[in-house]
Structure formats: structure tokens, C-alpha cells
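Sharing a structure below in C-alpha cells format, with a few things to ask.
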């Protein structure tokens, strides 16, 4: 767990590491008084570089979806359990239902005509739809249609519930800052109605009608908005933005992250920053054959393939990924992507947390920074 | 020019206002030494409320356009004169070609197949198109189509030129911070090529392809942007945003500025603030029959009717306005709007200057603030 | 661990809570695939209000100091162990050497003429001196004297070591964001020289000479400073600021937090915010007999009595505190202070983290907010 | 007034510059309709570099002070005239009582036991004391002693009056943003009491007691402060800061602006920015024999020698300056300083305006930027 050796000089000075009775007694007295010496564990609490307990891992969509469907048959959704959501539990995190130390990621499943009741919590949440449609999430009374490719927000302390209007089940990915909120002890939770407050099914939410116009702000919305007021970032716009970047690159203009690699960040239009205080969301598109340099970043990410096929290398793993597959990249683990076909990936991360606390660092192989 | 009387006590103390020879000599000595006493002119340099030298005024589009057309016949456009622009000269501003103390507003006219050569300046500029199409403005090499209803940016120090691709002339409105820059002594100017650097005529600019996606930011554009990177705010989006606000109001949801009055601000998507450091731009739509309360604001504005008919009251003027008419509202003059038909208005102002310097105040009749 | 009952409806729907074989199999399959259902543990991951694993606790200075002195006899300080620091280990945190989930607090002890070698880490650190003097902490080559009442900074990634110039030992309190950095996986660590780089003993550091002038900024220091450039906040100024607040209160002017309760925050003079991105530091002074209303705050704090005697109530604990005693207040636990004598307290907390992530809430008994 | 020739091509195209009758008629029609063509005056409204109407100028303290004393004999101070202030009227500004287009600078004179009555205005003001003491300025009811070397604030909309407690007259320099406020039409003015509201004479103001502690903020003052809450920046701290910079330079550490040239900026401790939204204030100290490189800056400044002797070069002027002398440097005029003795200078400028509007540029001879 550590690169630098702890206690060399200190141990040497202590007669080959054998503890004197006085030292043994001292350590016992420490423990009795709820104290703990730094010098015996420095290397554990302060590593040379970040060494996450979380491990790189992959979850396969073609395994997740059938499990979600089985829970659809066996487990009702309703008040108390609230959501039929199945969390990615990182094998390094001791059984906690957490993808990374800061990120909760789950597949949520709603059967035909089911309703997930309304509640609200301080934790920030979003949904991303890798396939399907027919569910509306009702956020503070505003019904928001969920469709393939859409990225949908439920910032902290907004009441929200979901209902499926169709005869087909629908599954999607939830992302929250639950592990962060749990660690920081910042969570509040409140039940709302057991149904959703509005069962209407408009194709566009009121929030979008007010806010999803490029570079345009309603005069009724000039106050500061900690979180983005855009309820849904529609696939149509995401796709167009990515496509245009690659076209501009072909036409000879700077537009992409690097050759063959387009990327966008979802932002809060009222300040240009991340959509929510704790979660960043991005979309990436690689041309067939493109690959990225190896990168290390402080902070953890979850990637989901939206379309296409390619390899992702994370530390010493190399995974062939297909639609819906989810990968966790812990802090400071090197990663790279290699697209076999054109490859679309959704990514979310705790980068706003890392940056707001000034812990951000990046290392890109072959580039100085 | 002042509400509070200057020199009462002081004058009384000076023997009925008659100057002693010693005082006369003192004032002469002041003048000789480039000095000036405050006590004789306090009421002029410090008024109770803002008292602009600029006056409320209206320019009629049906008079402006023929004059512009005549200049199109008589005056060539090219290097040296640079632009066939005719500025609104506020009658209060002593013959300066300025609409207000901070704002330059002009009608610019480009004949068939003409080119206005490239240059750049520290002054910020925009164009607004009340009718017509067929001109491209080329901003730092990016050709931007100009069409009815579009609001187009040329932030400071970007090279820009225009060319008319058609057999018809085209006229539009230019807005700049020239009087402010002149007063602050901040202007820089540089000639570019005598032609435009790119005569291609795409319907959408590269800047829009990268930036005009709602809530979406390219990963290649994460650096800070003092001014908006969106080259053109298209009428399609402005119109939709205004229409949706009025629809939401009908559906019973808060969305408008006030009953029957929709409004949007054009913003810099990278920070949610104004499009440029010195100029604010907004669009307003009033339902037929709607009217606004009387407002006073610190800072000056120019309004242009885009469509419809209505009255504007400014101080003791009441003007019936029609398409293209331009009105200047000086600082702190009360104004209100009354829509006869549905009424669309473009507005620009120096509000970012006033707010950044913390001089903003607003008074709305019937509301405290 | 939770106020709201989980699974009521869901369990009822599942035949009295007895799991069907299918459900048992589903849960087993979840586990095999590193998945975890939300509905069985919602109440644990999302509590109604913050429920910290950390518990309110007190450490007594008259117990800490002798233990530190014993370690001074038994444990050498030097490369590897680096520091003779003994951490407060909150009994609720499973043996981790952490005062709260975000804060490391320790007593550090340096014997006569000892040197704690230089190193640097991404974690932010400070020292607070409750008694004694004679040690210099050398921060990036700048020797900073440590004296009673001083609050001293070592922001992340600055090399630092300490040396004791005297024939007496010295002990002080260290505060760091180690648990936060550990959880977020953001830590970097690097050894420096085994000695300190400058053994000179000026009474004032170079950083103070440049930066500790009220409202004054060196023209050579106009760049942005994420962390405060003031190396030492001297007791002289803290004491004076607190004293003046109480005098102003006596004179009838608003100056204190509330009647009889003066308080200051240590700030970064380049932006007026907290001294470091992750740690807030404050000083409080209560008049003899004063008491504070009960408060709950999101985020955790550590308090140390600097001088005087009084009671602190935290949740259902009431402790009589004396000089040097340290108390932990976990997130959302109610606390209040009652001063027997004039009571001076140093406080540090993770409030900058909570606020930057927009999780802050406060509840003060008897006041709305 | 312009470097680039206007109308070359255009004039050539118009038959040797002789206007046709049609063009003459067009220009007459423009005038009748309050319009003004750009092409005939582009070089005046848009210069290659800033060309201020204000000119470099010097006012001599040994001339100012006797004139102020004579006005003390002849002109009473009281309601109406309000202040016995004599403004520097830049010879380039057409008789306006303005030092530069944005800055008002005056010598104010208060006789023994006189009172200048209270008023307030939106304009921001400060006082700087080059010699003398015995006057208190009462700012929003807080009496602030004025002493040699002090820099004192009266931000916009604070009531303020002055009274002289002694048997000696006192004179000082006032700086305000009056010309800027006049141009922007943002001024408000209101009379207060004809006396000052508090005739007590504490040596330190309440504002200082609360706020002038280095890096320390009262918990009762956490709200945002647009302007600095420090009423007086005392000479003691300014002098010490400058002295320490030169000592640090001698000791081999970076601290000064450049060799032999120390400098500080007065700042708002709540945000690290300028003391007020529109005015920057700095103090400079040059070692005897030191000189600065030639600099051009966008924006205008006023300098006053506080102590010492030296030359200032502004454009093609070279002035030998002594204590109290005031120099105006208009925008973009090159300036440099050469100290004969150790030379202390106070400087104020409109730099916050220029920077907030993103018009700032600097050119330093011999350095790129």
C-alpha cells in the first residue's frame, strides 16, 4: 500500500524492531486513550501517489440487464425500498455498494406501468439512458421524458419519482454522489408522495423549454443556480456536437480533444461549470481505429459504452467493451481507449470535487504538464 | 441640471453673492494653475440622481433605410472608411456620433457583392439583423451568415470583415462600446486584409458548430472565455425561447418577466454572464395588449422593434413604434412599453459596465426593491 | 442508523419478509457479480439526517501531554517515521487514526534540539500552539517561529520540517485533511532533506513580512493564491481582534457573533476565503458566564480550549473543559458552549469542503434559517 | 489624433475629395436626422492606440497649499458648497475639473475647528494625507482619525463629514471617480446632517478595530463586501510593508516589483481585490538611485510624492518632483521614475475599471508581455 518505507531509521533506532516493554506499554496506553501514533503507519495514511482501495473493474451490460429483469419479477417497487436499483459494488470496497469511494452507479429497472415513488435527498443524482424509452422522471413536479442517449439531472433536494407509461420495462443507469455524501456525513432524506405528482407525458420538460436554448437565459432566471437548471441533455444535441467536432477536424480546424477523439462536457448554463457540485458528466466519441494516450488523473470515473466496440486499458487490465458495458477507473490508475468501430462513451466522475478542493493533477503519457 | 442648491450657505456668507476682489483674484489664480473649486459647481458634478446629457430619442427605420440606400449609391466602401455605417447621434451629446455616453449604434449598409475589409479593434461589437440576408461576416476567419433575427458577435480584437454574396443590398444594426472606449482611452485598432479571408458561405459558422449546443461545452474549449464564443445567436432559438415562456405562462407556470412579457438575455455559455464585457443584449416579447410597469435603471439602453406595433413611453415622450424603429433610453429615465399587437423588441445596453462597477440600481413603479 | 423504515411495502409484498428461493438466488447472483441491491439498504446509505460514524469525544490535555512526553523518551524522530505525532482516533471510526471522517488531529512532540525532517504532501496541514515555544517550522525554506497562540500553515505540496532550538521539549496540535485525502484518493508524498534547509531562527518569517499586513498586498504577489500565503497568524493579532469585538459590544456596536461571544476566522488575504481549500480555522472567545444557543452544522469540527474553563455540550454529553482539552463534534450533532471563566477556544473544521460542494446547512435553536 | 489615415480609398474614389452635390445633400440630411457617418471620422473614434484628451501634467504642492490656505480665509465651508476642495483640472479636458477622464483629484482644506457637513453619494471616494493631522472623517457614524501617510476610504453611498479638532488647518488629497460617474450617468447624492454625527476623537476607528487585523475576519462580517470595510490604511503598516520588501531584497529573496523598487496595493480583505470597484491605490518606494523601466498601461493614474526627491518622465516631459507634487499619467503614455533620494510615492488609478471591462494591456520596455 506504500512506496516509501516507513520507520527505517526509527526501527533501526529501536533495536532491530523489537519493542521494548516500555514502548509496548506506551502503545497500549495510546490505544486505551483512543490515540494512534503516526510513525508506525505513515506509509499507509500518506502514500507516494494515490492508491485507491477501489480496483479497476468491468460490469457487462448483457449480465446486468437479465439480473435487473429478474429483480423486476421478484421485487416490487414502492415506498420503503423506493427504487429497484442494483448498485455496482467495487470489489475493493469491502462489500459497500459503491463503484468508487465517491460514486454510486446502479442499473435501475422499472416494469410496465410501475411507479417509483417521490422522495428527495441532499445527494445529487442523474440518469443516463443507454437504451429504451417510455419512462418519465418527475423532478419537482416537472415530467421529464427519458429516451436513449439522454442525460437527466436530479440535483440535491429536488423531489423526484419515475413512472413507466408503457407495456415494456425500461432500464437505465443512475449515478449519485452517495459514497461521498456518506463519508462526509452530509445526507438528508425526505419522503414525498407515493405516486408521482404529475403523470402527464410531454416530450420536452418545462425546464428544457426554459433553459435548453443555446446561449440564452430567461430573464426570469437570473438568480444564481448552484446546479444546472437543464433537466435533460438530449441525445440529439450531444450527438450533433460530437459529430461536428469530427467534421471540423476533417476540415482542418481545431475542435477535438486529440486526433480522432471528440469530447464534450455537460455544463450548467448559468456558470459554464459542471452540471452539479459533485459530479462531472462527459461524452466521448472516437473514430474507428483511434486511440488515446495513456492518462492518469486524480479522482475516480465510471465509463459506459453507449455504442460501438473497442478496448479499454486500465492499469494492467485490457477489456474489450461493447454497448452498455461499465468500467470503473480509480484515482490515478492509467487508462487508455482504442476504438475498433466508431466508439461512443458516456463518462461520469468526481472531478468537480477534486478540482474545487484543489487536488487535481493529470499525467498524460508523452506530454508534459 | 441639479436638484440640490449649491452654495446657499456659502453664498450667503459671502455678502449676498457679490465676490470680493480677493475671491475674484483667487478664482483667477485657480484657473491659471489649472485648478477648479468644487464649491461653485458641486451641483453639476454631483447630481441627486443621474441626469444624462443624452436625451430620449427615436429614429425611424423608414427614414434610416432610404438614407442608408442613398449612401450606398454615393459612398464606396473600402480601406480607410472601412464601413458604410451611419451612427445614431444623440441630440444631447454635442454632435458626437454616439447614441448614449457608452453606446454606439449605427445602421450599416452593404451593396450587392461588396466587401467591407477586415480590421480589428479593442472595442466590442455586435450586429443585429432586423431584415434581410445574404451577408457573411467573417470573424477571425470564420464565415458567419447573417439572417433576419440573428444576433452576431464580434468581441474586441477579433479581425472581422463582411461581404455581400447577393444581388441585393443588405442593412443591419451595429452596436459597439465606442463611446465608452473613447472616454476610457482604451481603444486599439489594426487593419487586416482589404478583402475577407474566407469567401465561403456556410449556413452555420464553425463557432456555432462547436459552441451553440445547449448546456454542452467542447472539451477542447475548457479555458476561460472573457467573451462568448458563440458567433451567432440564431433567431430560431430566440423565437422558440420567447414562445415557450408565453406558453408556460398560459399553462400556469412561472416563466415570464411579468404577465404577458417574455424576455431572454443572450449569454456567454462559458460563464452564464453577458456576451461581452461591456454590452448586454436581450430580446423581449409582449403579448398584444400587455404593458410593463414604469422602470428606471442606472445605465443606458437602445431598443429596436423587431416585429409588431406598440407604444414606448420614455420620460415625457410617448412614441408609437413600428418595425425597425430605434429608441434610446438614457440612464435613470423612466420607460414603459405597451403592445398594440404582439411586440418583439431587441434591446442592448451598457448594463455589464454598470454592474461590474457596482453602480446598478433599479426602480420599478409599484414594487419595492 | 436510520429514521425511516426501509422495505415496509416491499417486505410486506414479499410474504412477510420470508425470502423466496428465487429471491435468495437473485441475491446470491448479485453478490457473485459484484452487485448490490439498493432496496435492502436504502436506510443505511441515505439517512434522514447526517448520522456520522464518528462520535462526540473529548481528549484531555493533561493526559495527552504525558503520553507525548513518554514517546519523546522512547521513540526517535527521523526519516521514515518523520514525525512524533500522536493522532486522536475517534472511537467510532474503527481504529482509524482519524478525529473525524475528514480531519486528522494530533499532538506533535519535539524534544530539545531535535529535527523532524523535511517532506511534502498533497494534504493540507496546520499547527496550533496551545503552550510553549522554541520550535521553528521551515516551510519551503522559510523558518517560521512557533509560539503560544500562533496558528501556522503548511498548505499542500510545500516542503516542511521542524527543529527545536531549545533545551526544552515542545508540543503542539497538528491538523490535516488526511482522512479526506485518504478517502478521495488524492494523496501525494515526497521526502525532502533529512534536516531542515534553514536553521536560522528569525522571530518573524519572510512570508509574514510580505503578507501579514492588514489590507496590503505586495505588487510582487498579485497572482492567484489557492491557499493563504500567510505562514503564521500570530496570537497578538488574534487576541486583539477578539478583545476589540468584546469592547465594541460593550460600547454598543455590533461586532460579536452573539451577546458575549466574539469570533474570528483566519482567512486567505488574497481572496478573503478560508486559509486552505479543505480546512477552516476560527478562534472564539466567550465572556465569563456567556453561553451559546444550541447549533447543528453539516460537517465536522475539532475544538481546543486555549485558555479558561467552561462546559461544552455535544449531543448528550456535557464536558467540563480546561486548557488544552480537545473535543470532536461530528456532523449535525448539536453543540453549545457555556463559559465559566472567560473562555478562549480554537476551532478547526472541514467547512470549506462542505461549502464548496454545496452541502452546508445550519440549524440554530431559537432561530430560523 | 489618429495614426491611420481615414478615407484614402474612399476619398480617392470620390473625385479628389470634392464632394458632389448629392453627397453634400446626403450629409445635410444625416445631420437633420441626427445621424453621423462613420467613414468620415473613423480615425477619430477609433485610434490605433489610446490617445487621451487628458495630457501629462504636474501640480506643485508648494503652489497648491498656499492657494488652499487663501480659500480657507475667503470661502466658508458648509451646507451647499459642502467641501473646500480644489480640483486638479487637466488642461486637456476643456475646463472640466477632472484630473483624467475617470479620476477626480483635489486638495481639500479644513480650518481650525471647522466642520464639513455630512452627505453621501454613489461616487467612491478616498483621502490621502501627505502631511498634518487633527481631522476626523466620520464615515457612517464611525470617526476616523486622519494622519500623515494614511489612506482613508469613503466607498459609495456612505454618509461622511469631516471636522478639524485642532487650532491648525489641515489639507489632504481627495480622490474620487466623479468623472467616470458623470460620464456613465450613475451618480446619486443625498444630504445628511449639517454637523458630523459623532465628534469623538478616537485614535483608531471601529472599522479598523474590526477589520484591520492581518488575515483575520470577524465572524460577524462574513457577508460579501463590494468595497473594503477597512476605513483607514495606516502609514505604520504601509511603511513597514515597503521597508520589509527592500530588506528581503537585500537578503536575497524575491519581494520587490523590480530591483530597488518596492510596491504594495491596498486591498479589500474580504476578496483580495481593489479597495473599491473603480479606484486602485498603491504605494511605491524606490531606493535612492533606483529607476524603473518605461511602462505604458491602459488607464489613467495620479501620482503624489509622499517623501523624497526624484524625476518622473511622462511621454516627453521630465519633471523633478518633491514632496506633495502631483502628476497625471494619461492612458498609454509611457512613464518612468528615477529616484534621487529614497522616494515614496502614492498612486491611484482607474485600473479596476479597465480590468473589470477587460481592456487592460501593459507594455514594459525591454520585456515582452
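Here the chain labels run A, B, C and D in written order, and each chain numbers its own residues starting at 1.
Methods note: a residue touches a chain if its C-beta (ideal position, glycine included) is under 8 Å from a C-beta of that chain, and two chains touch if they have at least 3 such contacts.
Everything quoted here is computed from the prediction, not taken from an experiment.
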Farthest chain (mean CA position) relative to chain D: A
Inter-centroid spacing, chain C versus chain B (mean Cα positions, whole Å): 52
Averaged-CA centre spacing for the pair chain C and chain A, given as whole angstrom: 29
Mean-CA-position distance for chain D and chain C (Å): 44
Multi-partner residues of chain D (each touching 2 or more other chains): none
Topology of the chain contact graph, where touching chains are joined (line, ring, star, complete, other): ring
Pairs of chains in contact (touch as defined earlier), listed by label: A-B, A-C, B-D, C-D
Chain A-facing residues of chain B, complex: 206, 209-220, 222, 228, 230, 233, 237-238, 240-241, 244-245, 247-248, 253-257, 263-272, 275, 282
Touching residues on chain A, where the partner in the complex is chain C: 4-11, 13-14, 20, 22-23, 26, 29-30, 33-42, 45-52, 54, 57, 59, 63-64, 67, 70-71, 73-91, 95-97, 101-102, 104, 106, 121-123, 156, 178, 180-191, 226-227, 277-278, 298-300, 330-332, 350, 352-354, 356-359, 361
